[in-house]
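Each of the next two complexes has chain A plus one other chain: chain B in the first, chain C in the second.
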Partner chain A sequence: MEHKINLTQQVKTYKSLNIHKVFKDKMALVGCVVLILVLLLTAMAPLLTRNDPVKVDLMERLNPPSRTYPMGTDHLGRCIFARTLYGGRVSMTIAIIVLIIILTIGVSIGLLSGYMGGFIDNFIMRVIDILLAFPGLILALAIAGILGPNLMNTMIAVAAVQWVGYARIVRGMVLSIKEKDYVKIASTSGTSHTSIILRHILPNIISPIIVLATLDVGSIILRIAGLSFLGLGAQPPTPEWGAMINDGRSYIQTAPWVIFFPGAAILLVVMAFNLIGDGLRDLYDPKSV
Partner chain B sequence: MKHIVFKKYFSLIMIIFLMGSVFLVGCQSGEDIESASTESVKSEGLEIITPQHIIIGEQFDLRGYDPGSSMSDFVRALIYNNLVELNMDFEKSPGLAESWEMSEDGKTWTFQLRENVLFHDGTPWDADAAKINLEIRREGTGKGWLSAVEEVEVVNTHTLAIHLKEPVYTFDSDLTPPFLAMVSPNAFDKEGNVTEAIGTGPFKLESWTKDSEFIMKRNEDYFGGTPTLEKLTFKVIPDAETRALALQAGEIDMMSGREALTAVQRLKSLPNMKIVKKMGQTSELIFFNVYEGPFEDARVRQAVAHAIDFNDIVPKLLEDLAEAPSNFFAEAYNSFMNNDTTLPQYNVEKAKSLLDEAGWQDVSGDGILEKNGQQLKVKLTLGASNEEDKILSAVIQNQLSEIGIDLELVHLESGALREALVEKNYDMIMIGQWLVPHDDPTNHYLRGYWHSDSTYSIYTSPELDASIEKLHISLDTEERLNLHRKIQAEILENTPVLVVFHRNNVMVMNEKVENFEISTGTWQIFRGLVNTTIR
Partner chain C sequence: MINYIAKRSFYLIIVMIGVSILTFGLSQLIPGDPAELILRQMGMEATTEEVEILRDRLGLNDPLVVQYSKWVRNVLRGDLGRSFRTGGDVAEEILYQLPATIELTFGGLVIMIFLALPIGILSAIFKNKWIDHTSRIFAFFGASMPSFWLGLMLIYLFSVRLSIFPVMGRGTLRHLFLPSVTLGMGMAATYARLIRASMLEVLGEDFILAARSRGLRENIIIINNALKNALIPVVTAFGMSFGHLLGGTVIVENIFAWPGVGKFLVESIFSRDYPVIQGYVLWTALTFVVVNLIVDISYRLLDPRISTEGKM
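Up next is the complex of A and B:
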């Protein structure tokens, strides 16, 4: 009885602290502001620049930043400002889509594996062990290489590698929640498996998953940029940060702005996501309460 | 909580500090280089005799001793000689044979060999050595080139007669590629493999550290005159940017501009660098798949030809590394070319009307043309590691979108690219014009792209086949020239190919390297080192 009261109290303090704590964690706030700013900028790209991100103009090659080209031009005379903004749309949309795919696959397989137990659990876990034993990037490279270079296949490659971690974590959490009294009671009172999973287990694991996902967006963006840098992701003339860095790589000494701006964009966005993720983790971490 | 915030600020400061220190270190090393170079200038002022030793940054390792197979294409001509050679201007000139003549029926070639020539190991060069070499090459790596050889006959110590099964007018040219170079008979083992690099060339191989460097000493007894340079060190640096940085830092004296587009563009602007260049023998081409897809229609091919402004984009994007296309072949083949033919000129209006004529119209208004409900979407396949093609393809994509063609770029590794070419797995393919290894382009038609028997055939017709076969057996100079011109005119008329650019041979070097003459032939590129000096 005493224990239960304690629990309810804890939950209360949790909720009342939330908003307050978000504002107290300055780094997470910085992350939020940066991310919102970047999202706004990319969303308003057509309003901010009239330059076409794929228009080639050989008279304007490798121009330094100027009034018409706020971030300069690349080796084909394309406006880097426009390319960075439109590239942000591509990079972030893809990252979000990949994340949704990963979450769907990872969470459902983790739930299945943890809840069912037995042979299915064993089988799934061994498959995951095998996948985890491969170095992730190399596996993604191999998949993208076999499927052929384009954005769709890059998404498949990244998702195919990244879902494994989620499945494992979700399974672990399900295993512990499964043993809780309220799940056992629900089970004995005849609640169906589906509703136990959806009503009693899923709500209890969703918040740590959100934290994990926020932390992961950064690494997904990096991985996609990495594959694009290697020529396996976005194909020309699609603007994409990783591909832009690859284009400008050879001009790093003569025209550093070609790689600086997309590089800085990746840095900012990944950092923002990581800071927010860190903040969220602190928020949900019982130890810090 | 406070503790965590502090940790975050602390790590942020650490990151900034680290990044700052990287910049500082970068500046520091720059100063070091500068001071080192001023010191060397000072020591030159004391007029110490400069050692005639040059360090060259090379993309490829030596790879092996056999000029016929393993050895890097570019350094063979330093160690070995051929019976007949191509000089700096890509003309046939005496190599290890002083003179040669073809019999009336074109089936016997007699070579007068150069006398008093020794291999690097002291073995004398004579007709027996030549026979051993040719016999081994016939069975091995020279099979395709020496297929017509019936018998190699030693007439006397310095006279060699080669009997052919059928008349070959270009047999002397066929002997010039570096993979038919003459190796000392002692260097062959029983299976005909070359175990040591022993040739007659201007330099002897001194040592070779795999994937690191190989060193050559001059051959004091070289029949073409002793080279001024005493020693050549080739440092193997595969990456062009790294090579360029090494040249900038003074670690190497010279590098080839091959596959180093941006590096050359950057080095050119530095004060103590110079560039030596000359139009080479090879060109870059785009082939159309004339057998299926939209390019089956010659008008669509011609439209593409008129829509790309090579004369504008090639000099702007490739600068010293290439010249805008002027004709079917590079200038090196001027004497075989048809000067009445011209390449299609840039004319967007004409391109648009050609497409319209062919039935392609923009019905949906999305900027891409359609015909029978099908959009005009084509693929351009190109080499993934070819910087020049990559940068040009992006502009071609843009220029074709202006006439309503949606071009997708497909980057393939070189093996896959060749496979795509053979299997006709492309709409357009951008590729180097290989199969022009020497000064006579006859083989280019038959074994290359224009005869129906070839593995790589791009466009063929019965008339074209007949002309090419006639060219191969003809012994009359006048008739041969007319056939060359007729073949080229017929190919160009049907537009199965676009000439993208003619490749330049480029060498970038420190100012102290003097008298380096560059060759037209790609494989003779380092021969110019024979007369080079260091100031």
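Up next is the complex of A and C:
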């Protein structure tokens, strides 16, 4: 009993130490605060502005920031403030959905490849080598371009390119865990493959994968915004940050605010995710422990 | 060494075969019938019969394997097909636009080196001093900044407000400056940190201590002894980020109306000019793979400590 209590205490101190370390890293803390703030702002968008993000009002086009339009209006008289807030919902939701797709594909294929080994592993690794021979953005651009410019196709294109990294990392981790004694014992005592994967392997790889995923959210947001900027992702009138910047390009000489605010929003959110990811990575980096 | 190069070149051929299959596969993603599309692009209201004739002529009715082998044979002869939009030879069109893209890539690299090298070295020498902290903030900004936004902000500041640089187009060095900064900035941020980390590692080595104890001047040690060794791992990282550079040119060329391959690609995407998209993808993959091969080989030439035996 005493021993048990001791153990739980140990786990507790270890956990609180970890959390303490995250917060000790001030940059990660800044990232957390910024992200929470942005999430709150986007969630409360209807409370913060009464302006409709898609309502066209040609009488109000290209207005500079004012009391009614805190960030000005675009070429169709739409409120940039409302569009930036609602755009945050779009951009972040898309990034999270794409991330979930990438994780599901990447982790399953990595598990399969590492666990099965042999021909399947070889085949999957060669396919990955081939995919890595393409510069990511360009392959995504080509796939999205060929499928046709819309948000769904862009999400498919980004996911089709990005899963590769996860599959490779997961495979590597599985290969090393597979050699551990407890996995060998489980397999000799007749535990099924599914159960070994789900109960012994998956729990061991999940935390480093979460760290990697956090670091990746920023780059996914950037990539989707980039494709939308080129005109491939979100289509009008959807408020999406990359697409908003694309809309404002032609008015850069007279109405720079149309571009400035959505871009600053991307910068802020991506930076927040990078800061958090960086803090988490330090936490899991064996060198720093 | 020769063994290694031969092995890697063989591996490159295997990868390129895979790349060709995948690139060919892209054409299978085209929604609708390509033959009908070609006729429509030519402004014809196509009947089923005409579509069928064209399908036959293009070989679209052949089995996929036959289509693929025909396509590969053409590609090997340098024939990437004809552009739907301009009617020109795709390979020629790409070659025609290439110098502008190479110029931009080169400009981006120069900016990257000019920023990353001094920042990286200084933040290693003054570790945890204000220079180092500033460079860390610079790195975070650089990695999080959307390049298309940076480019537009630079245009607004330096071209619209201050009228120092031309807004867009290609021609003089002044035209090249802003696009190069846009392209080089993000990479510079990452590389400054890489150079810093690598410098710090090298500065802790025994041979630096030996050089110091021989009484060599500190700046000579840093340039002659430390930097040379610190740059080796940076070279390998460059191979991987060359892909970013290629992707970056597409975005930068579109912001600055730079008449290169990247701008041509995006125009082709919107006019559904599939042969150009396919040709471009194949071309970038080849460049990317070859650059990585060169990087790997030069890495081994630069650092004799790395064994070339048994490693791919």
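Going forward, the second predicted complex is superposed on the first by the 274 of 289 C-alpha atoms of A that agree within 3 Å, B and C clash if a C-alpha of one lies under 4 Å from a C-alpha of the other, contacts with A are read in each partner's own complex, and residues count from 1 in each chain.
By our rule, a contact is a pair of C-beta atoms (placed from the backbone, for glycine too) under 8 Å apart; a residue touches a chain by one contact, two chains touch by 3 or more.
Small disclaimer: the values here were computed from a predicted structure and weren't measured.
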- Message: After the overlay on chain A, what do you see for chain B versus chain C, clash or fit?
- Response: clash
- Message: Tell me the contact category for A:R61 with respect to chain B and chain C: first, second, both or neither.
- Response: first
- If you stack the two complexes on chain A, which partner ends up touching A:L222: first (chain B), second (chain C), both, or neither? second
- Report for A:M244: first if it touches chain B alone, second if chain C alone, otherwise both or neither. neither
- Query: Which partner does A:I128 reach: the first (chain B), the second (chain C), both, or neither?
  - Reply: neither
- Report for A:M173: first if it touches chain B alone, second if chain C alone, otherwise both or neither. neither
- Message: Touch test for A:V107: chain B only (first), chain C only (second), both, or neither?
- Response: neither
- Which superposed partner A:P149 touches (first chain B, second chain C, both, neither): both
- Task: Check whether A:L139 is in contact with chain B, with chain C, with both or with neither, and answer first, second, both or neither.
- Result: second
- Query: Comparing chain C with chain B, which touches more residues belonging to chain A?
  - Reply: C
- Task: Quick one: classify A:I196 as touching chain B (first), chain C (second), both or neither.
- Result: neither
- Where on chain A do the contacts from chain B and from chain C line up? 27, 149, 231, 253
- Message: Under the stated contact criterion, what part of chain C meets chain A in this complex?
- Response: 14-16, 18-19, 21-22, 26-27, 29-31, 140-141, 143-149, 152-153, 155-156, 160, 242-244, 246-248, 250-251, 254-255, 265-266, 268-270, 274, 277-278, 280-281, 284-285, 288-289
- Note which residues of chain A are touching chain B in the complex, please. 24-27, 54-56, 58, 61, 75-76, 149, 231, 235-237, 250-251, 253-254, 278, 282, 288
- Task: Provide the residue numbers of chain A that touch chain C in the complex, in ascending order.
- Result: 27, 126-127, 129-131, 133-139, 141-143, 145-149, 218, 222, 225-226, 229-232, 242, 245, 249, 252-253, 256, 259-260, 263, 266-267, 270-271, 274-275
- Item | Sites on chain B touched by chain A in the complex | 1, 4-5, 8, 241, 261-263, 265-266, 269, 312-313, 316-317, 384, 387, 391, 393-395, 397-399, 408-409, 411
